[in-house]
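Chain lettering (A, B, C, D and E) follows the sequence in which the chains are written, and residue indices restart at 1 in each chain.
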Amino acid sequence: MQNLNLLSAQWVAPTVDYHGLAPELVVAGGLCLVLILDLFIDERKKWLLSIISSFTLLAAMIPVITLALSETSVRSMFGDRYVVDNFSLVMKGVFLLAGYVVVLLSSSHVEEGEYWRGEYWFLLLSSLLGMLMMTSSRDLVSIFVALEFLSIPAYMLAAWRKRDPKSNEAGVKYFMLGVFASAVMLYGMSLLYGVTNSTLLVDIAAKTTATGDFAAVQVLAVVFVIVGFAFKVSAVPFHTWAPDTYEGAPAPVTAFLSVASKAAGFVALVVLIYTAFPLAQDIWQPFIWVLSALTMTVGNVLALKQKNIVRMIAYSSISQGGFVLMPLAVAGMAGSGSSALRSVVLYMIIYAATNLGVFGVILAVSRKTRSGEVSSFGGLFSYAPTLGVLMTLFLASLAGIPPLGGWIAKFAAFQSLLQSQSTWGYALAIIGAVNSVIAFGYYGNVMREIWMRPVPDGDTTPIQIPGSLSLALGITSVATLTFGVLPGVALHFADLAEIAGAIIR
Amino acid sequence: MNMLRDNNWVLSVGTFLPILGVVVMMLMPKAQDQAVKFVALVTSIATLAVGIFTAMKFDFDQAEKMQFVAETKWISVIKSSYLIGVDGISLPLYLLSMVITLLVVIYSLNHLPNPGKPKAFFALLLVLQTGMAGTFIAQDLILFFVFFELVLLPMFFMIGVWGGEQRQYASIKFFLYTMFGSALMLVAFLALFFKTGAESFSIPYLIENGGSIAKNVQIWIFAGMFVGFAVKVPMFPFHTWLPDAHTQAPTQGSVILAAVLLKLGTYGFVRIALPILPLAAREWAPYIGGLAVIGIIYGALGCLAQSDMKRLIAFSSVAHMGFVMLGISTLTSFGINAAMFGMVAHGLITGMLFFIAGSVKERYHTLEISKIGGMLTQMPRLGWIFGFCCMASLGLPGLAGFWGEFPAILSTYNPAAGLNVTVYRVFMVIAALGTVFAAAYLLWLYQRIAFGTPKNNSHDEHSTHEELHDVTTHEWLAWSPLLIGILVLGIMPNLLFSVFDPAVQVTLSVFGG
Amino acid sequence: MFVNQFLFLAAVLFCIGVYGVVARKNAVLMLMSIEIILNSVNINLLTFALRNGSTDGHVFALYIIAVAAAEVGVGLGLVLLVYRNKKTISVDDLSEMRG
Amino acid sequence: MIAQNIGFWTIAIVMIVAALRVVTTNNVVHAALWLVVVLAGAAAQYILLAAEFVAITQVLVYIGAVMVLFLFGTMLTRARIGSESDLNNTYKKLGVPVAGLMFAAMVVALSSSFGKEKIPDSPKVISTQEVSDQIFGQYLLPFWALSFVLLAAVVGAIVLARKD
Amino acid sequence: MNLFSNADAEVLAPLTSGWFLDHAWLIPVVPAIAFALIILFGKRMPFKGSELGVLSMLASLVLSTGAGYQWIQRVNSATEEQFVDPVIKSWTWWQNAGFEFGIGQHIDGLAVLVLFVVAFISTLVQIYSLEYLRGDRRYTHFFAALTLFSGGMLAMVLADNMMLLLLGWEIMGLCSFMLIGHWWEEDVNSKAALKAFFTVRVGDVGLLVGISMLYFAANDWTRENLDVSGFSIRGISAWALSGEPNSTVIMIAAVALFIACIGKSGQFPLHTWLPDAMAGPTPVSSLLHSSTMVVAGVYLVARLYPVFFVGLDIPGGGGNLIVIIGGITIVISAALAFVQNDIKRVLAYSTVSQLGYMMLGLGAGAWMPAVFHIFTHAFFKACLFLGAGSISHSASHHSFDMKRDMGGLRKVMPITFATWIISTLALCGVFPFSGFFSKDEIIDNVGHNGYGLFMIIALIGAFMTAAYMTRATYLTFFGKPRGASAGHADHSAHDAHDAHDSHDAHASSGPHESGLLITVPLIILSVLALSSGFLNATPFGESWERMKLWVEPRHSAFAPELHHAPFMWSKALMSLAIVFLGIAVSWVLSFRLFTKRDPRLVGLTQRVKILGVGHKFLVNKYYLDDFYEKIIVRNIAGPIASAAYWINQNILDGIIHKIASSSRLISGWVYRNIDQRVVDGAVNNSASFTKSVGTAAQPSQSGKVSQYGALLFSAAGVAALVLVIINT
């Protein structure tokens, strides 16, 4: 009953480490600014909002950097419910930069379409803020709220092209499935709380195992919680929303969903696995193993059949998600924990750069072709060589071909799988290897269109690429190449990313 | 392992110089075709110059040692470093890649295949060169893998963009096969890494420590590498990408594919698979040998069935690489020497044959054997060169092909200790029969193409007799080094053997002598 | 009182909700089913709060209620949007994209 | 205890029946009304579980606000007040095995873990103050975030729902 | 212990050597250089490179003669029983992984003899070709190939190790390909070239295998005892005789090597390429069939005699692979020669048959006579070929058809006729022409060494040789001129050859004697055909056996002990009688058949009835003439020869064609079904499989939210259930 005494004591204002919260605060300030300015600003000057949004995100990078450089390596607040550690800092950086690129991708798109611009930026920043929060959340409630925080704006963004039934459909599907998944997850969380009497992950960790009196409920809880995030990372069979939503949503939003939102799901998954379920590896390892194998395979196989480029990339990103999951399937085994974490982070960093690049090119090309078909890329190289080469680089990187970023990501994933030196690890590695080959089937198909097919309607007028889009393409392509040639750069960050309080090593 | 570190900048320069050329090309304004060609030519000449400088500085008396070794941190997190060096095994192949690239560039100056686009073409060619050279100098598995894969995309595009009718199918097929192989190879590399204590990816380190891995584990790891390398070689039954790729690839692509790319696989066996996993190698050797002789006969049968000249030459590669693999499978230093020689010889000869096929295609607008005839009458020089190459390819003593073929057969008689002698002797007889087949298909090919009277019906209205010009200056420039190489190596095989041998001996020292 | 009697009630409600989302195609009805599911979770949480004697369950339940409200708002917004474009709120008809 | 048990079972049966009606009725408005019953029943259960504040919030938020939203939504989408035959999927029977599967999983887990465990006879009653202390103490940040969630939901929902 | 140093032999005279012997390696080098020069500069030279070829051959001839002279001196400086060490020089060509590949010379009596023959014949053939191929469009190439061809043969002869031997062997093969296919515009020629190269190549498998086996079997021993590699011919010889070798290994090695010889020397059953090779220009046929190429196989057996001696147990008598093959070849090919109309084909089969004699001799331990037969055969066979060429060149307008385009030429071409007759007699083995001294010795020694059955075969062969040569002579030079010889120009067949167009001018002037460049070589050769036999004229006593003295290695660790049959005039007379009988029978028959058009003979072959054979045999048994005429000759010349030819064309050749076509079929099948369908198909199928999996998985992506939800919930339920069950 010590607890009782503590609780019945006089309320004390919690201490807030404002430096630690600074990135979130900057973004929060930025989104308020956007919302307010939107009311007052002239219709013709609304482009200012995109500038503000992008600067907000860059500005938020500053505290991230100062935090990274500061002496205190781990800052925890609210009774360890909100922790700023290296992992969260790295991921915050990833989210902010990815968000920045999404803003760049969006700006011309949003200006030209009939969008609600101010609200668009507001929702985008909100979702990003949710992601930032997700990286540091270390209790169930925070995670749940952060998840909804990043999801709810995203549901609406997916439907943002209001007149387009496809976009509506995308939004509804995303929303419905998202809610189902969070319902399942909540059920799991409620059981976790019930068994462990805490929402704090580190407390949960001590009591959550696959054995003991409450084993069955714990299994159920762990599985359901993981399902919630498996949905978010669109792991098969919880992926069904992804292709439809990606296809229907506005392209920049799709880019955002496929990169940032998915990364947020992984962040939560990793945090849960490392800090909440370290002793329950018997539960989640096989589950994630199956998820990973299914995700890679089904994603790939279905991608082979796609005619729509965005839908194809959707399936591709599903399958990429399977690769990210790979190392987690053995993360609980002795000695492979830290390398699994590293490879997940690394994969997310590189995947973010590459996939955003892909969407950059898709956006640029669709400006001209107004088509989402793969065949609209026909002969791209002949009239837009730069875009053709860039798309090739990005796709090759996704396929994992050296010396582009993707290979080191896959390599690291394989490495940590094999590091476990377990049959499960080897088997999954073989499945992954086979899948990385299948994947080339559809990446190669796009390359084939770009390089070897004629221009569909013989229209070879060059493509005008707006400045912001060029900047986005530049950033992503340089990142993709650099990560490939000098993988140490990305690996350095991935290696830094340690979760405070993680028990798995 | 002993390493010499003098002049260790030359390898990096030689390898990455082409990339510099690519960058320069990329920076050039559009529609500067001549300038692009010039840059490509200068780059490849400069690269070769660096290569020759390397050869001059190479201490041939210590060919068994790694030389020009450079080591820098690269991906320290995964304990992989930028470790490069050459020894007697890699130097000739390293130089071969440079020579072939230069010749291909020269040939391409006025033989650019459709649809043109010189900038992209030469850029890919130079990237390809970097990949090939890099593979031969890499002394770190990860670095090796990166370079090994680096050649994939340029070749994919070379086939896919500049290739023949079925180019897209062929290019995808090529790519998928190789990807499949290298994916498994990567898994094997990683398994190797962890089984040796997760200390380093450096090949010398692994050679020292790989032998201590348990045998059954070695066998599995070897299996992964085997698939990776065998696809590249290509060994039966992983060969089916090759005929398509060759047939559809532009001449330049075929030449590079045959002359250098296929060697990446066999080189991988000699450099990596055998010395690091000696126990597994011994278990696998008879199977490799068996597949090799199947490849020899099978490739030959495939050749006999062809009606397309280029496809025939492609199938002959399967047979020839069978001899190379047979030599490797003996696990004797002589056999591996023969294999190394066979690699270089096959590079020169088959490369040359593909050049000829390209020129035939250019002149006759077909490669259908039945539509070509009497080449000796119409273009005597081309016909004679073709004859020379056929003879070299079928292993005529005194030409380079023989020294890859016969020693391989010879070494099969007496494989390394512990291998089943009877099985290998059977291999030997089959391989010797393969030489008969080689004679059959090559001579038959030659008879049908070069002899007889010209077939006028082969000419559609576009091609008049003026197109049937004999060998041009560019072709002479591009070909004569190969022709001279074939002859010189045939007469003085020791030029190569003396370089290979010490390094091969060292490589095989893991087998206990 | 058994812990399980509440938990089973929650489970039954949860499953009824699940049946609802699968069986219904009217978007509004699906949203209602979701509400049932979320309520079942709340029952769980409060049961455990009582069992464990801790406050966290209450807080969690409150947050869920708030979020659920937000979700219903968003959901109905989407339903209206769809209705405006397609003149139907049958989710089943929203299957233009598939495969 | 007995009174509580009687209360519980009565309410539980009502809730279950109401919930079943929600998912089976052919009238949207009826469904909404049945939902009110379920939500009210839930509030009653919360009180049984000694969570008055939550129960009140439940009534306020759900019955007060959410239900209104539902009814408005129903009206705005021009649902007929009367019964409709077009509310269910053709494959609605699929819901039975799916729900059954979930239920099986839950039953297996719950019964094997909590079995005959009882709620303590004199449970610690959580005061509303404690809840608020928590919310404004440890759970401050989610609370703060929640405000943004609601803001975003409102702004977004308005944009989506309005005509333009 | 060094068994083989000369020191521990009793008293050995120091052997002399000389510049020519020490520098014998120059002999093949000269033509090789000449070849390169012709290729590079030939077209720009006044005589288009031919002068280089002739000069190089002359130089080789001079060098060979000098070497021969010095070898004789060397032999003379040795004692009676002393083994005359060959002059061996070797250099390391390249060395690798413990394998040493050398180049060098190994010159001894055998080598000197063959060197001389090759150089001599080559020189004459080149001179002859100056005229014969004048104006040919590939004149330069022809001389280049011819020179390289001789160079290859010379290199092979001189080789001190098996690798070098193989090199020369293969160069010859290549050049034969180029030479036989010289007029490749015609399909027949290029096919013949292909066939020649390919058939020989089939045999070469044996060579490769044999060399490898010998190397590995002998290397350790030779290293230890002689400090040479297992490729060294000297080393292998000594090893074979040392008693060391495992009998199976050496037997298999010998068989393998002999397979190569079968291919190269046109032995049964690989002889079919030889007649087809007549498609080449006549000088080529002459060179190929007299002294080079086909002799290479025989030479290899003679060279590595110890291997065969031990491996096939030659001293054992009775029969072995070599004699069996040799014997079959003699008869089979002689029989075939009867039914040929093409004069060159007659000669070709005769060559095959004579090679059979050489093989028979070697196989039966008659080493010396067999080697001597190489020597004599070279002259008369070259002479015969060149004579045939002379006829076609000057009389028959490039036709070689005896029945259609020849006849009665003895008056028009007296010199050709005279040389032909001399050579024919030599070929038939008529005393005192050279063939007698070699062939008769072979027959004699075969019997003496315990191969009685084969002696009879050889005698039958001798009879047949005499008969078919008589027939050919009759058809060509006697009777009435026919076809082109009678002046009927038949252009149609040969217009395709640009090369020949230049000859039309004097071809149309009718049959005439050939020019000096042709007749002089003929005369020289015929003189040698007449006289060369006396170099080893056994009948005249030991002092005449010069060749035996100079060439035959004396018994030692390097050479097996050889026995010689004592010469007996009775045996010689018997075989002579057989030969004359053959000539006579054939003459009469030919006269009756071809000139008189005797109705009994004309069309006999069509009227043969199997039942009639026995009947006629009985009817005519008292008439010796009829006996030979009607039974033996008819049956041999008719059905048996035809059958043999039929077998040859349909079965053996057929087998080869079948093998070729069926291997083409098989390969086609393998390619279509295995490669494209199974191997490739597996890949393509796996692709389509992947896609169909995709199709199968697609329904899950129905686009309906409720179904998605159902999937989500049920997957979660299943996962939870399964994991709960597993973990509890």
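Here is the rule we go by: a contact is a pair of C-beta atoms (placed from the backbone, for glycine too) under 8 Å apart; a residue touches a chain by one contact, two chains touch by 3 or more.
What you are looking at is a predicted structure, and each value in this text was computed from that prediction instead of being measured.
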Length of the shortest touching-chain route, subunit B through to subunit D: 2
For subunit C and subunit D, chains touching each: A, E
Residual chain clusters - subunit A taken out, nothing else repositioned: one piece
Chain at the geometric heart of the assembly (C-alpha centres): B
Maximum centroid distance from subunit E, chain identifier (CA atoms): D
Most heavily contacting chain pair (counted by C-beta pairs in contact): C-D
Geometric centre distance via CA averages, subunit C-subunit A, whole Å: 25
For subunit D paired with subunit E, centre-to-centre distance based on mean C-alpha positions, whole Å: 103
Interchain centroid distance [CA atoms averaged], subunit A/subunit B, Å: 42
Centroid distance [mean C-alpha coordinates] between subunit D and subunit A, Å: 31
For subunit A, residues contacting two or more additional chains: 4, 7, 141, 144-145, 148, 152, 155-156, 159, 162, 171-173, 176, 180, 191, 215-216, 219-220, 243-244, 302, 305, 441
Subunit B: positions in contact with at least two other chains: 176
Interface hub residues of subunit E, defined as touching at least two other chains: 687, 698, 701, 703-707, 709-710, 713, 716, 720, 724, 728
Those chain pairs that satisfy the touch definition: A-B, A-C, A-D, A-E, B-E, C-D, C-E, D-E
Subunit C residues touching subunit A - in the complex, by the definition given at the top: 14, 17, 21, 27, 30, 34, 37-38, 40-41, 44-45, 47-48, 51-57, 59-60, 63-64, 67, 70-71, 74-75, 77-79, 81-82, 85-86, 91, 94-99
Residues on subunit D engaged by subunit A in the complex (per definition of touch): 105-106, 108-110, 112-114, 124, 127, 129-130, 132-134, 136-142, 145-146, 148-149, 151-153, 155-157, 159-160, 164
Complex interface listing, subunit D residues touching subunit C: 1, 4-5, 8-9, 12, 15-16, 19-20, 22-24, 28, 31-32, 35, 38-39, 42, 45-46, 49-51, 53-54, 57-58, 61-62, 65-66, 69-70, 72-74, 76-77, 79, 84, 86-89, 92-96, 98-100, 102-103, 106-107, 110-111, 114-120, 123-124, 126, 130-131, 133-135, 139, 142-143, 146, 149-150, 153-154, 156-158, 160-161, 163
Interfacial residue positions of subunit C with respect to subunit E in the complex: 18, 21-25, 30, 91-92, 94-99
Interface residues, subunit C side, partner subunit D - complex: 1-9, 11-29, 31-33, 35-36, 39, 42-43, 46-47, 49-51, 53-59, 61-63, 65-74, 76-81, 83-84, 89-90, 92
